[in-house]
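There are two complexes below, and they share chain A, which is joined by chain B in the first and by chain C in the second.
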Partner chain A sequence: MEATVSAMAHSHGITPEQLRKDNPFMGELAKIGPIALVVAVVLFAIGYLMSGADEHQRFFFSYIHNYVFFTSISIGALLFTLVNHVARASWSVVIRRIPEFFAGSLWMMGIAGLPILIMVLTGKVEVYEWVNIGSWIHGAEQQIVQNKEAYLNTTFFAIRYFIYFAAFFLFGRAILLNGSLKQDNQPDGDEKDRGTMRMWQLSAPGLVFSFLLMTFFAIDMIMSLDPIWFSTMFGVYYFAGAMIGFFSTMILMFKWLQSTGRLKEAVTVEHYHDFGKFLFAFVFFWGYIAFSQYMLIWYASIPEETRWFHIRQNADWTPLSWLMLFGHFALPFAFFISRYIKRHNGLLAVGAVWMLVLHWLDHFYQVVPEYQRITGVQPGGGLGAAFDISEIICLLAIGCFWFGAFMVTAGKNPIAPLGDPQIAKSLKFDNVKV
Partner chain B sequence: MAKTLTKPLSQLSTELDNTRDQISQPPLVTGGKTFGNITEIVARVAEHPSAPKAWYVAFAGAVMLFGLLFAMLAYLISTGVGVWGVNTPVAWGFAIVNFVFWIGIGHAGTLISAILYLFRQKWRTGINRFAEAMTIFAVFAAGIFPLVHVGRVWVVYWIFPIPNQQQLWPQFRSPLLWDVFAITTYLLTSLLFWYMGMVPDLATFRDRAKTKVRKIVYGLFALGWRGSNRQWIHYEKAYLLLAALATPLVLSVHSVVSFDFATSQLPGWHTTIFPPYFVAGAIFGGFAMVVFLAVPARELFGLKNLITLQHFDHMNKIIMATGMIVGYAYAMEFFIAWYGGNPLETFTFENRATGPYAWAYWIMVTCNVFIPQVFWFKKARTNLWVMWIVSVFVNIGMWFERFVIVVSSLSRDFLPSSWDYYTPTWVDLCTLAGSFGLFFFFFLLFCRYMPIVAIAEVKGVLPEAHPGHGAHAAAEAKA
Partner chain C sequence: MSQTEAKTMTIEEPTEGRKLLGYLLEFDNVDDLTHGAEKVRDAGYSNWDCHTPFPVHGLDHAMGAKPSHVQWIVLACGFTGLLTGLFIQWWMNAVVHQGNVVTGYQYFISGKPFWSVPANIPVMFELTILFSAFASFFGMLGVNRLPQYNHFTMYSERFGQVTDDKFFISISSEDPKFDVGKTRDMLSGLKGTYLEVLED
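Moving on, here comes the complex of A and B:
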């Protein structure tokens, strides 16, 4: 029934003029931005000061976990925007500004990550063992990590960190967001079309570089927490999760914006349906990648590879491993396969919240067991004991920063690309007709 | 590229410029063809009493090579696997290389028919039919190699879990057995998909048939298709469901093929990125084969208005994109071989790039990573000669990729005293050539007697086929 209603209401879509009247601005909401940034700093200070007992060691694991989680969503937004330009997509134009804001604020996650960078450069807290090979790594492993020093050293880590966020600024902010904002009030014509073509052309190399940078970002931030372990699939695994986080965020973001009376006519059930389809596809893709990585390591059973999974599927962590299989893959696979659910605003949002929680837990699963490995601390009290209050504080702190960065970037700008040459076509988008 | 930017848009849309065209929705069928014209263009190929001369020449060549394949297989089976160049430690020589190569070629068809269908990529309609046909013939060619490589081909049915007197039961823990199931499923689904999509077109052929034989044969295969509204509704639903079911197959088949290697502990074979890397490589090689066949086919059979330069532009972009995914995998393998710190792994990769098979490695890298970079330029993507030559190189490169993986890793195994250099024998080379004969034999027959372009589907992407076209759209524009 919902489909019929939407078909009646939107079969011809709205015009670009009507879009301008569809409340396409953050308006009052933009005030959240600076407030969120301040709250983020305060929460960070509280979390940091509270965690002094173990030299902030556990705190930094929480921090890295939440940092890679929120950054992955923005990286997903950057890749989504790039690939839509590469494919010359028109359906996504009307919803493209939100990913553009995330992509355009991705460079600010470079600021949020500074505590990690400083922690690495000062070398006082034992989180990344390769920072201090001499005293943090022992026995035969010392020589193995020594051989990787050309890559795993603090200076090169810092250089790479700078390159990642400089490139993310270049593609996300300077090329994509600024290029799109410029068109908002530009009169139709060659000049504007050239802007679109420029974005199309630069997005192809942008996609290649961003994917590579994302891979090494994931290797640096997560994989090198265990300096012995390696997997050629790791970048792809991070990518699969990032896209799940991104599409879930998009669903919730638009639901929230529409509930505040914004873009109520422009964004229709058709767009939610497509987010749902993408989410379904990436749930499947994530399952495929996670299975392939796990199965190949399990099958070959080479100690330096199995060690990563060995921690994660034994003792306290066992339930989390099962949760990844069933909660992150099997259950949502069955859930999102339904067309009814993908076109049902409320159910889709429930699914999106679930996937965000599971994506967060996936990063928890990737990061925090390394704390146990390094410290040798057996939580002992089941999975609950592996949690720490700093997880929640970091979730809120980095979440506020990430969201604040998004809102500050949005500011007074329209939240739909009002002047995109393809906007009229995009507003007519309908899954049934195509 | 820079040139087009300086031109006013009104002029650009008249040229073949993809960037501008996407805004103005260029027609996928050029030359102002009507529904009737499209039927005529495609049906003419099969109805004409004689094929183009080039077809006979190609067919004669294919028959000879196909015959060569039979001769080689007869020689092999009557003599033994010793006629091949396989040795210890390179027990998997040409047979597995050719097998993976042909399976890879078979990927583009299902990608085009299933995944591009789900993505609503209408340009697929011009090329999906013969890409699907190609898939099936490539799987035929691929299937031969593992069958004959088992040695005693007459007991090859043992690979299926059929109860038998000796109580033999297949080893389900072996990825080679998973292959049996993955590939037969893939072949059956592809065959079904190809055939089902062809039913409305076969009915068209039946209705146009002039001779009794044609009427009966096409009529038999058209399954009583009348084109009623109800039939179309069922057809479209079945097609969508098959597309959805075939999509995971695109991933699964080559992933399972990659497991043959990656589940082992052999350096150069065991690496976690293998499944998606093999899938991307398969699509890469498969699309190259589509371009390789489509360029001459559209010339020979007068399909220029149905398979336009824009179709090639899209395909070449996919070739470049998947080529770069393959390049990404090569780079990750190399990086992790060093980063992983396993001396055996590091040696294997050093050996690949500088050892006795370095020549094969560099052919692979050049053909797969460097040469497709010409497709950054629109001129190259829309130049038939350039793309045809690139497609040849990509096919060579993808064949060598499998050669590098199989041979270079095996020839330098853990025990230096058992190292050996693998050289194919004349039987290996003739069998490879013969497999091309099999492929082209079926493909050329298909071109001659079947609807080589999906007539009904191409009509569906004409603007006239949409409710928004004509009177309705005009009324809307007024309102």
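Moving on, here comes the complex of A and C:
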């Protein structure tokens, strides 16, 4: 392994002409797209029909959990693409198309979220208690939530939902992906450079807006599951997880594409090394902000804030809290700190799988304990009893939809920005060698 | 940078009876310096160095520099900082007087327990950073054997331009492979512009 790694590091990369011959297309793989979308709908129908006993209440918690999980990865892709344009980064050009596909298909997650929107608007299933303050919230808490009603009401929720995905369509699809696709076969010259310049300029406001929209999206989808609780750190918490999910996905995606013979020469150990660095940075960032959120609430010790953690670190949920501390932070921190691991393709992929699983459990940890709080059901049988088969069905259903949306967006397009003005520089990219 | 134009190198001659300290080869661009460094590396020299006005990407590879050991110093000091942070808080806040032993003082703050790890983590974190930063700064100086008050390149008049627009390779006469004739022949084969002989 080391021998091939160093041999690659010594080469000075391939030329843009060679890249065009390096199989930069999905080809046959693109057929997965429509199939995955159909499978997603079928799985959703099965899961929904299977879960009738409690009026689909538990099912919707699984659905929200998996929905925010997959959406976070695509939001991470959008933010990554934006920040690379803002920084005028050249190293990332050759790997930028895959995040562009995710960012360009992010608006389709607006379709995947429609069951949640419909559930909120019809107000029949008790998931978000603020939907029906009168009968789902009792006692003194009722007044507290009523004070938030100007924000937490179904109409405004629907309007915000529309704004999120309209903006994600605008930035992810219309500006970034279409702008980049346009350059693929464009001759070099002023017009092409103007296209790049336009993406650089629009990415700065795009970054600000996308960050805000992501924050409100996290507040609406996850934080408002407990309408009493609040944390100013929550948007950043969602962001940190999103970036971990995104970089893990990128590592696995390129490993998979290269195993099918695509971009074998173009994407080198240098790019994996940088994904590893980002992953390491965001693992620490996640630990830093997750602990900051915890400590501030722990120290202030105000009941309406501590209740969120109180559920999660007691009874059945205790092991999950410990798993977050050690499995999501301490262990990966020690693992990814090593330069050897970041440059070792196989070990890096193992770490990426681990982080994806833990990122999924992180959202499980955020969403599902609220089901217990609302229903008052004490599972009592450990973490296993808190788990539900609908988790798996929703994971597969939304996962298929998310991946199908990505593949449909990729379609017949090149999977590397072949015509980007900085592509030649990107192909020569090399971290400081040792 | 064009490498097509032929370079003419001025080569100084050693003086009889003076102690030779080393050779200093001047380059006028990064590419020539990097290729020159590769040649010197491949020739097996160990007591030599490159001097540039700014950091040059990939030069440590061209020089065959081995990975630094500073990281292990930083790791050890980081852990020391972590445990120091934990210890001083335990000592100062969580321990009561026991007989003749002088111990800490328990603060009772807003109903918090005297000893609880979440409250200690910020201090542990800060001391980890502080100790690591000291370790990387002083460790870097130590591993580089800095500060050095004298170096044979200081005997050169031309060497001042290293802070401006020139690049240099210096080879010390203390290098085991150093040979007055052979080393000069090797250096004169590189794309430098001026080979200086440094003498005491």
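Methods note: the second predicted complex is superposed on the first by the 423 of 434 C-alpha atoms of A that agree within 3 Å, B and C clash if a C-alpha of one lies under 4 Å from a C-alpha of the other, contacts with A are read in each partner's own complex, and residues count from 1 in each chain.
What we mean here is this: contacts are C-beta pairs under 8 Å (C-beta built on N, C-alpha and C of every residue); 3 or more make two chains touch, one makes a residue touch a chain.
From a predicted model like this one, the values you see are computed outputs, not experimental measurements.
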- request: Mind checking the superposed model to see whether chain B and chain C fit together on chain A or clash?
  value: clash
- request: Examine A:Tyr299 and indicate which partner it touches, taking first as chain B and second as chain C; both and neither are also allowed.
  value: both
- request: Would you sort A:Asn66 into first (chain B), second (chain C), both or neither based on which partner it touches?
  value: neither
Message: So in the superposed three-chain picture, is A:Ser390 touching just chain B, just chain C, both, or none of them (first/second/both/neither)?
response: neither
Field: Touching partner for A:Asp430 - first (chain B), second (chain C), both, neither
entry: second
- request: State whether A:Tyr151 touches chain B only (first), chain C only (second), both chains, or neither.
  value: first
Message: Under the stated touch criterion, name the partner, chain B or chain C, that contacts more residues in chain A.
response: B
- prompt: Who does A:Val208 touch here: chain B (first), chain C (second), both, or neither?
  reply: first
- line: After superposition on chain A, the stretch of chain B among 1-9, 19-27 or 37-45 that runs into chain C is 37-45
Message: Identify the residues of chain A that lie in both the chain B contact region and the chain C contact region.
response: 295, 299, 433-434
Query: Once bound in the complex, which stretches of chain B touch chain A?
result: 1, 5, 8-9, 18-20, 22-23, 25, 120, 248, 251, 255, 259, 262-265, 270-276, 324, 328-329, 332-333, 336, 339-342, 376, 466-468, 476
Task: Quick one: which bits of chain C touch chain A in the complex? Just the residue numbers, please.
output: 57-58, 60-61, 65-67, 110-112, 118-119, 121-122
Task: Quick one: which bits of chain A touch chain B in the complex? Just the residue numbers, please.
output: 12, 88, 90, 144-145, 147-148, 151, 190, 193-194, 196-197, 200-201, 204, 208, 211-212, 215, 228, 230-236, 284, 288-289, 292-293, 295-297, 299-300, 302, 304, 421-422, 425, 433-434
For the chain A and chain C complex, residues of the former touching the latter: 291, 294-295, 298-299, 301, 430, 432-434
